[in-house]
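The first chain written gets the first letter, and so on, giving A, B, C and D; residue counts start at 1 in each chain.
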Amino acid sequence: MAMADLVYPGAVHTRLHHSLGAYHLMCNALAELERKGIAITHEEKQGAKIAILLHDIGHGPYSHALEKILIEHADHEKISLLIMEKINEQLSGRLQLAIDIFNGVYIKRFLHQLISGQLDVDRMDYLIRDSFFTGVSEGVIGYDRIIKMMTVHDGELMVEEKGIYSIEKFLVSRRFMYWQVYLHKTVLCAEKMLVRIIRRAKEIKATAPSEILNKFLNPVFSSLPISDTLDDFCQLDDYDIMCAIKKWAEHPDRILSFLCRAMINRKLLKIKFSAVPFADSEIEVIKEKASLISGIALKEINNLVFTGEAVNKTYNIDEDHIRILFKNGHVKNISEVDDPLINQTLFTPIKKFYICYPEGIVS
Amino acid sequence: MAMADLVYPGAVHTRLHHSLGAYHLMCNALAELERKGIAITHEEKQGAKIAILLHDIGHGPYSHALEKILIEHADHEKISLLIMEKINEQLSGRLQLAIDIFNGVYIKRFLHQLISGQLDVDRMDYLIRDSFFTGVSEGVIGYDRIIKMMTVHDGELMVEEKGIYSIEKFLVSRRFMYWQVYLHKTVLCAEKMLVRIIRRAKEIKATAPSEILNKFLNPVFSSLPISDTLDDFCQLDDYDIMCAIKKWAEHPDRILSFLCRAMINRKLLKIKFSAVPFADSEIEVIKEKASLISGIALKEINNLVFTGEAVNKTYNIDEDHIRILFKNGHVKNISEVDDPLINQTLFTPIKKFYICYPEGIVS
Amino acid sequence: MAMADLVYPGAVHTRLHHSLGAYHLMCNALAELERKGIAITHEEKQGAKIAILLHDIGHGPYSHALEKILIEHADHEKISLLIMEKINEQLSGRLQLAIDIFNGVYIKRFLHQLISGQLDVDRMDYLIRDSFFTGVSEGVIGYDRIIKMMTVHDGELMVEEKGIYSIEKFLVSRRFMYWQVYLHKTVLCAEKMLVRIIRRAKEIKATAPSEILNKFLNPVFSSLPISDTLDDFCQLDDYDIMCAIKKWAEHPDRILSFLCRAMINRKLLKIKFSAVPFADSEIEVIKEKASLISGIALKEINNLVFTGEAVNKTYNIDEDHIRILFKNGHVKNISEVDDPLINQTLFTPIKKFYICYPEGIVS
Amino acid sequence: MAMADLVYPGAVHTRLHHSLGAYHLMCNALAELERKGIAITHEEKQGAKIAILLHDIGHGPYSHALEKILIEHADHEKISLLIMEKINEQLSGRLQLAIDIFNGVYIKRFLHQLISGQLDVDRMDYLIRDSFFTGVSEGVIGYDRIIKMMTVHDGELMVEEKGIYSIEKFLVSRRFMYWQVYLHKTVLCAEKMLVRIIRRAKEIKATAPSEILNKFLNPVFSSLPISDTLDDFCQLDDYDIMCAIKKWAEHPDRILSFLCRAMINRKLLKIKFSAVPFADSEIEVIKEKASLISGIALKEINNLVFTGEAVNKTYNIDEDHIRILFKNGHVKNISEVDDPLINQTLFTPIKKFYICYPEGIVS
């Protein structure tokens, strides 16, 4: 959960926990579908289980927070795939079915949808797990009931009609967790600062204590095709980043050391949310004050004063849909179900604008 | 939970558990308000705690299911009040403050609102408790966070602005629990059958094994002012009802014995929901078939075939509101908050129509 | 748990919960044994599951507390067996394997040992369940680990060597639950009072509101062979008993009404424990005082003043043993394992003597 | 928990969690003692709470595993004290009472005993917490009941007589957690390897990526009085160690790189337990084989083949005792209570001998 433990100290669970949990839910989901008479071969079950176990293996240090920062041209899904392919070679092709399922090219589409859809076991696991470890009980979802309501129709994963309110509840929980945890303003601020630390280090060619990290701080290296740098990338972890930040807290560059010290001593930048973009004039005033206070030149102050958008896509209307199978055999996307109980706002992405700036600037 | 254990076998928790739980939440809520600087005297705290401990003491056997059936002219709140007044006499007026708070006449309104409002500790306790014992995890609410967000403004209980989504989540959970548990069709059917059993017993003057229950089956007695029958009422409990049902399963009246056997052997009537009222013609057809199948005369078949409405008032727009206190000092009712994230349908009561009828009637 | 909710109000869970829980553990245990290569056919698995589901079906009202009181010549295991045999007839012998396993005559002894041994799934379920519902966390056992350590050797259920301390922990938990819950002095007292209520009712030929119960209060009927009275027995439940107690609270017999009122108003007899039997002289003094206070004749005061023994057999050295399979292939009974860590006192039954008497007698 | 997550992947909870948990239990314990009429001033309560919050602040990286390895002349308690004294200076003496309580010089001894005794809130928190995060349910203790049984007599912390079996259960749980978790053979092996990595790095003057760690790898520096190196020590954390291990996995020294690679790839040394010390001849044989296999000279093979003792002091008969206050006013140490139920072996330290060696040596 990248920096979420700065706000929720309990949130120290790891990607290994999540992978095992999602695997567990996959086993349950497959068993449920089989109980309903869906044919799934032993190989397909194994493939789906392998795929979910490995689905996040391409994540680098601080996962989403540094995604596409250290490696510029590949997101974690692409890297997961590359790693799976590498293992597949070593195992003489025994991972091929898992890869096909992961990629979404396998004929039984529902297997892919269990791994990567809007109601997959990945999301179910992380919502319930993050809810537990943060203590944000509003994130609890009825994962066992949702799994009991799953079925397959025309080769696609569906939810039975009577599970419709469980799905709405799942989406409400998800939206809640986004605002309360994943996009919590302090968490967001810390993650954006982390990005700026790495960018600044690259810019001024600061050296990290870790030689592996140094490679990725080199812009030439980090923009190589990922296939050329995969072995190195796999050796990179949170330790490398945090050791660098600890070292750079003493770096002569004032911007880099300011950001690193702020992180280590948990004296983060301030952050403010707004429903509309911040006015340029307002941003200018804040930048000037920040420059004055920090002694950092105005032209470089955008390392300490910056704006951006946080978007909560509870449900993505453009992605593969959550399908409801009605008793009469009709199928509808959840967003098209004509039921006054379903909150239509769940299907609209909500955007908030933020500005980060150093403490001491009244605004 | 009356008959809910017929569907959720875990739901055997008692009113005593709920009263202790609501008392616990009251203690937490009072402590939180004090932390925020709200003045509450020792006597007021004691009064509020007594009031919540006793708030449900007026419930009779099978609580809501038989409310106003055994005692016709008083609901459980009125009876709770009468019992408190009786104890108050015995304790020389030491319960007076608790009674004033319970009644809503005490000057500090927020104390009453903690006991009986749309966001009281009563509802918080039963939602989380019923969710736990039924295993319906969608009913989980963030009760500790809601309590942390409570405050008092102008003498009224309010929720701080940043708690707004927790409130929405609370309402979604509440709506969910109504459809999934409290108004679950099998639960509803069993409760309506229970009502018909008591009514039929009264009608044909069946005698119960329990003498106390016999008193309340006498229409003259059961329509006396509750103050005259309170002592007897307090001796009545689930045991009296269930012993009677066991006995009446062998009663010569075919209607009474049919309903009682159906209850004991868990072979309940069938029930069907509809968004619109059932057509008279449809009801007639079902009644005729039921009469044929059961051998019970058409004029009496309404004991076995009957319709009604189930209303889910997640939030009652006519009652005392949930008030949100904004950072700028403004106060708004939750139903008037202009936030696209708040699902407006939560504030509209939803009605479903049902029909119950014996098994074996294809419809 | 009979009367345990008088002390632990949470302990309202039912025999149905326990049966489902024990069934769940049976499924886990069978799966674990299969994983270890033990051959178990589909029919054997089904048989073992049926047997555990029905193992307690012969329990009457207030289970252990009234065992052999209402039905004098049969314990609950014998009655369970009779009921299974009856169902077996109705199902044309399809329960035969379950019955053979339950009876311990089936060739694969370990199946019986899983149901009825000193480390069976029955005990595991009730320890963890009663611990949970009473809140006595000292009763928590590592049931999943114990199941993981189970194996079969020479056809007998065994525990692998490395599970030895889990077994000791299980026995310590069990001993703890006995003293803290099952033999808790208030629980014990209430259960003994319940026995005396039934005995007194029989003696003075008091009539119960329930006709079924009346049959069993007739000494001629209750000493008939159980096979003759089984149908009636199956209709008897807690409701019949409690309705009778409520009625008898007003009975003209002073002893019966005293005991029944004491139960209903939770003003139980006092109870005292002692490591040695109470002296006759001490008992006499208490009886005289009790007679004086209560106005009940000395010759009948033994209904209100009585003594007995509470025995905690944490491990019964005469029953089928818990066997440990050592890595070197040797097998030892847990009580014979030569390990200083194993507390030998666990294998000795502990006896406490108690005396019950009415309140108001200083002693 | 140092290296325990290599065996129990859930065990990633932190010292911060533990400190907050112990603080919570301290609050409960103080409230309970006050309820029993023990006089405790506001300042004393604050002092005890501060002391427990800071009691572990002196732990360095990998806590117990590297204790006295990086800093040779001070254990974590001494360092905690030094840090508290430093804060005390900064806060003009406002921590003095907390320090006196921590040191055990404050007149009300029971406050110190709550922090550092054989039944302190520290142990209670870590047992229940480690049990939860490892999933070893045998470690569950009845901490709330133990706290309810606490009292003070003659200024000393005591446990009421009726809590005696809860104490025995606490000791059994503690012993269990030691063998199952803290002294689990794989955990022990990993921790001993960690020690050898640091020692080897010092010996061959390997440089770490972290400059702070480099200071402590210098034998002159690490044997300075801790007061001279405290500021540096406070900057040291797990990140420095793990980054070094990652780097040293490629170190030219074959011993250092062997151990570091073994750690990172979780290909640990093998470990064997024995009730008696390993014979010199056996050790010699293993060393020779190991030298042969690894190509490391026999005189240096003791970095890869080494023996030691693991001692489980469930209860330390030489430390401040757990005192039982009997109803008759007598006081006894738990180890002197003459009750056959109390397992006397709990008071005897148990020693196991271990030998670690590289894989591939049949033994």
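Keep in mind that, in the parts below, a residue touches a chain if its C-beta (ideal position, glycine included) is under 8 Å from a C-beta of that chain, and two chains touch if they have at least 3 such contacts.
Fair warning: this is a prediction, and the values are worked out from it, not measured in the lab.
Asks: Count how many hops through touching chains it takes, at the least, to reach chain C starting from chain A.
Replies: 2
Asks: Starting from the defined contact criterion, work out which chains touch chain A and chain D both, please.
Replies: Touching chain A as well as chain D, we find no chain at all.
Asks: So what's the Cα centroid distance for chain A and chain B, whole Å?
Replies: 42
Asks: Just give me the whole-number Å value for how far the CA centre of chain B lies from that of chain D.
Replies: Here the centre of chain D sits 53 Å away from the centre of chain B.
Asks: How many angstrom lie between the CA centroids of chain B and chain C, rounded to a whole number?
Replies: The separation of the two C-alpha centroids amounts to 36 Å.
Asks: Among the residues of chain A, pick out those that touch two or more other chains and give their numbers.
Replies: As it turns out, chain A has no residue touching two or more other chains.
Asks: Sort out for me which residues of chain D touch chain A in the complex.
Replies: By the definition above, chain D touches chain A via 9-10, 12-14, 16-17, 20, 209-212, 235, 239-240, 242-243, 246-247.
Asks: Given the complex with chain A, which residues does chain B contribute to the contact?
Replies: 136-138, 140-145, 165-166, 168-169, 172-173, 175-176, 179-180, 340-341, 343, 345, 348, 350
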